[in-house]
Amino acid sequence: MTDQHTSLSHLDLETPEKPFLDANELVINMGPQHPATHGVLRVILRLDGEKVLGLECVIGYLHRGVEKIGEHRTYTMFNPYVDRMDYVAAVSNGLGYCETVEKLLNVEAPPRAQYVRVILTELNRIASHQLWLGTHALDIGAITPLFYTFRDREEILKIYEKYCGARLTTHAFRIGGLQYETYAGFEKDVKNFLAFFRPKIDEYEELLTTNRIWVERTKNVGRISGEDCIALGVTGPVLRASGVKWDLRKAQPYANYKNFNFDIPTGQNGDTYDRYLVRMAEMRQSVRIIEQAIDAIPEGPIIAKVPKVMKPAVGEVYHSIEAPKGELGYFIVSDGSTQPYRVRVRPPSFVNLQALDRMCRGQLVADVIAVIGTLDIVLGEVDR
Amino acid sequence: MESMLHITTLHYLVLGAALFLLGVIGVLTRRNVVIVLMSIELILNAVNLNLVAFSRLWGGLHGQVFAIFVITDAAAEAAVGLGILIAFFRNKETVNIDEVNLLKW
Amino acid sequence: MGQIIQYIRSYLSSSQTPGAAGNMFWVLVYILLVFAGLSVAVIAMNWLERKILAHMQVRLGPMRVGPHGLLQPIADALKLLLKEDIVPAEADGLLFWVAPFVVVLAAFTVFVVVPFGPTHAVTDMNIGILFMLGVSSLSVLGIVMAGWASNSHYPLIGALRSSAQMVSYEVAMGLAVVSAVLMTSLNAEGTGTLSMIGIVQAQQAQGEWFIFKFFPLGLIAFFIFAVAMVAETNRAPFDLAEAESELTAGFHTEYSGFRWSLFFLAEYSAMIAVSSIAVTLWLGGWLRPFANMLGGHTWDQVFSLFPGVTFLLFAAMCFYNTVRMPKHPLFRVQTIGLAGFGVVLGLIGLILFIPAVSTRIQDIFWFAAKVAGFMYLYIWYRGTFPRYRFDQLMRMGWKVLLPLGLGVLILTAGVALLQEKLWHP
Amino acid sequence: MAPVATPFFFYLLSGIMLIGGILVITRKNPVHSALALIVTLLAQASIYLMLYAPFVAGVQIILYAGGIMVLFLFVIMLVSIDRSMKERQFNSQWVVGIVAATALGGLFIAVYTKGKDIFPEHALPMVENDNTQQIATMLYGQYMFAFEIASLLLLVAIIGAVVMAKKRI
């Protein structure tokens, strides 16, 4: 990867562009209280009229020191904390953490647990994408999809609530498997949801995909090439929309994703419209995975034999999963005690947010909103 | 008093002359280009007032038609004047007319 | 007393607008009537927009204040009036104070020439349509004043966007209007008119609404106007001036309380005003539909029943919902209120069946019904469309609507000339 | 409909116009000047109505108040005015300017007092009703050539403004 350096330099993020009138450069402070920054992101925009000359993100308003907390909790006690990072995809966070600790402990979850994990995680991917779609469309000015997606997301949350009692920060998984057996009628609920949800995707697409204004607002907006994505470490749907076929579920299969057939949707242009299409296709693929999994849940135990007091051997491990927003990685160093020596999270939102300046240069203010929406960031995860 | 209450053409002409003078004072004394341009608009409007008043006096519409031409002219003048102002401001970062002392920069 | 009745009767049988008759008393009465009617329409529009939008978005909308939230707009108005009136420290006090009044004034003054019927207008101006376009274009000044006086970045950008947008779309709007005005000149004398009443009378005389004239030329001109009028009123999908996801609230970000409510009032009155222009120019103003196909005295009688029937239908809706109200002591007041509202609507409906009333009122009814159709369109747009970006908006105004308007204007003139030469030599 | 209370409205409107004009040339802040100018222009439109020129009044409102002045405000907001507001507002030859203007005013007074008698005492009657039609007939008949020249002038102005204001062409 020698060309990585050159590819970074051509991003040229240091030299600002000249404004139309020299004295007319307008510095706007967007956020931390702003309707379209998805929480408490603060973006300092340097504008020439409406054109963006450059921007700078100020983060940390939601910093809670999750990684530091991890050093003072046992492995089991830290599990619920990860739910609070990407709170709209709490199940994925839990999956990543549990699998990392399992890797550290050298245990593997039993097959039944693996299947339920996949189903819940894919449901979570749908829920996360629904929330993204609603807010993204709202940012661009279409207010109606928000209510449709929230109506349908409710069905997923109901399943979670029935399964583990919580809707948002679920804490669904335990190290080594699952805490709870699936409730009676779980399969039926999931199947009902799939039957209910499949026409709903078409409904969303009907509202937006061929909508002229939507296409004009998103086509060629916030373009980023595959090389730039790799150089900046951008992952997830953003990377795939730029034409790079990289999905950890296929590239480094975890859980039991290798048992399922599904495609990796990719785009070509790397613009906002392609990212929209990729996420819509991902929802369909998730439905496909859940369909295969729900019929194949094997019988058996739901949790592997893990010690009551976890004392992993001295060592370190990095494990990453494909969260709805991109590569979610956990790097855990164990010093042999009951508490991790160091927990480091590689949050997809944080890394993807670094591409914002690259994607917004030379675009208009309205595009910044669209691009922040299309990056699908959750500030809880960016700031941790 | 009779002449005060009966509005004749002369009243309109005096009003027009007063506006014209205000415009002239503005053009001659102000330093801000924008206000100088606005004073020119005042002058054009004073002319228009006279034209329409005369058109009323003689019962023809030529004055009104001419006033419309003057308004067209004012629009063209404002567009070009403000264009020059923008170009000027971009190069000198000021709207002070005293600084317009070079033919070329 | 008898004299007053005589006076009113003599007015009712006159065939002139009060302004044209030079009757100052009736001018005042009409101004007050229009003002009151407009306020009621804005309040009703507020409720309807929230309700209809809510039902489009699978939710209920206001349900708490009054039956089905009927009193919600009044509660909101009270809340706004009681709110603290904040003036930012660095704001330009005078302009900040004046701006909302300029906007409201511009939006309301327009209604002086709107013809609700052949005699139901404050006055009939020789330059009616020109006056309407001119005065409604003055509201942009208020918006610019508000944005600049707030001394804040978002309002300033909102004001700049708004002024550029309104000035650009005025051009396309004007061209569409001119092509409609051109159609009024297709009579024996060959002279057109700019008077709003004259335009509708021309449509009556030609037996054709201008939207169908020279098909599809009238339709295209109407379409241009229909797009431009949404842009003129800063409504979705052209609501860039107050795009809440970009500029928080655009030019009125810093406003609160009463002055904010003035902006709100002005926005809705401006919507009604431009819709009235569209109705007057292309949809036959106060004329009833199907005058050609279903003409004759009998059909006139049938169509004169429409106002009463509409109100009875509203009353029936109220009664239906009264029956569906939960039978619970908590809802008793609301149920009674809804039934009472239904009774009032029904009584109005019954009054409208009196022939003397219905002949006077049906012009206003048809005009209001057409305007209400446009209002529904506004809400529908808002529920359906994402927002345009600024450069796209400008491109559409200058590169699509303007050439289209020019083409329609030239074609209309050509066809009119041909018609004159070929069919009426 | 004949104008009512003409003297009252004349003095009211001309008072507004003169105060507006004075504000235009004395205000420090160009935005205030522009708004004063708008008030002046609107008052002038009303005076046109009193002079039986409704079409010119309409054009005045649409073009001046709704078009040109919005352009002015737009440009004022585009260029930063903070600096120029802190500077001296009147140039060094302002005394000469005022003297010249006063001389011009004296000339006006002289002309009007001398030539007062050549104007007829009462204006000729005019009909308002077909004012627009008559103006149209004249514009597209007698003044056709001037009309075309005016449109050419506007075209030239558009191109000139674009060329000057655009950064790169």
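By letter and in written order, the chains are A, B, C and D; residue numbering begins at 1 in each of them.
Methods note: a contact is a pair of C-beta atoms (placed from the backbone, for glycine too) under 8 Å apart; a residue touches a chain by one contact, two chains touch by 3 or more.
Since this is a predicted model, take the numbers as computed values, not measurements.
Enquirer: Centre of all protein Cα atoms: which chain's centre is nearest to it?
Expert: Of all chains shown, the one whose C-alpha centre lies nearest the global C-alpha mean is C.
Enquirer: Counting only C-beta pairs in contact, which pair of chains has the most of them?
Expert: Maximum number of inter-chain contact pairs occurs for B-D.
Enquirer: Could you work out how far the Cα centre of subunit B sits from that of subunit D, in whole Å?
Expert: Computed from C-alpha means, the inter-chain centre distance equals 6 Å.
Enquirer: Once you find the CA centre of subunit C and the CA centre of subunit D, what distance in Å lies between them?
Expert: 32
Enquirer: Taking the mean of the CA coordinates per chain, how far is subunit A from subunit D in Å?
Expert: Inter-chain centre distance comes to 61 Å.
Enquirer: Centroid of subunit B to centroid of subunit C, CA atoms only: how many Å?
Expert: 36
Enquirer: Tell me, which residues of subunit A touch at least two other chains?
Expert: Correct list: 20-21, 23.
Enquirer: Residues of subunit C that touch two or more other chains: which are they?
Expert: Residues of subunit C touching two or more partner chains: there are none.
Enquirer: Can you tell me which residues of subunit B touch two or more of the remaining chains?
Expert: Only 86, 89-90, 93 qualify.
Enquirer: Sort out for me which residues of subunit C touch subunit D in the complex.
Expert: Counting only subunit C, the residues touching subunit D are 19-20, 22, 92, 95, 123, 125-127, 130-131, 133-135, 137-138, 140-141, 144-145, 148, 156, 159-160, 163-164, 166-167, 170, 191-194.
Enquirer: Please give the residue numbers of subunit D that touch subunit B in the complex, ascending.
Expert: 6-7, 10, 14, 17-18, 21-22, 24-25, 27, 30, 33-34, 37, 40-41, 44, 47-48, 51-53, 55-56, 59-60, 63-64, 67-68, 71-72, 75-76, 78-79, 81, 83-84, 87-91, 93-94, 96-98, 100-101, 104-105, 108, 112, 116, 119-121, 123-126, 131, 134-135, 138-139, 143, 146, 150, 153-154, 156-158, 160-165, 167
Enquirer: Touching residues of subunit D toward subunit C in the complex: what are they?
Expert: Against subunit C, the touching part of subunit D is residues 1, 31-32, 35, 38, 42, 54-55, 57-59, 61-62, 65-67, 69-71, 73-74, 77-78, 128-133.
Enquirer: Contact residues on subunit B for subunit D in the complex?
Expert: 4-15, 17-26, 28-32, 34-35, 37-39, 41-42, 45, 48-49, 52-53, 55-59, 61-62, 64-65, 67-69, 71-80, 82-87, 89-90, 93-98
Enquirer: For subunit C, which residues count as touching subunit A in their complex?
Expert: For this pair, the touching residues of subunit C are 53, 56-59, 153-154, 157, 161, 236-237, 239-240, 243-246, 248, 382-392.
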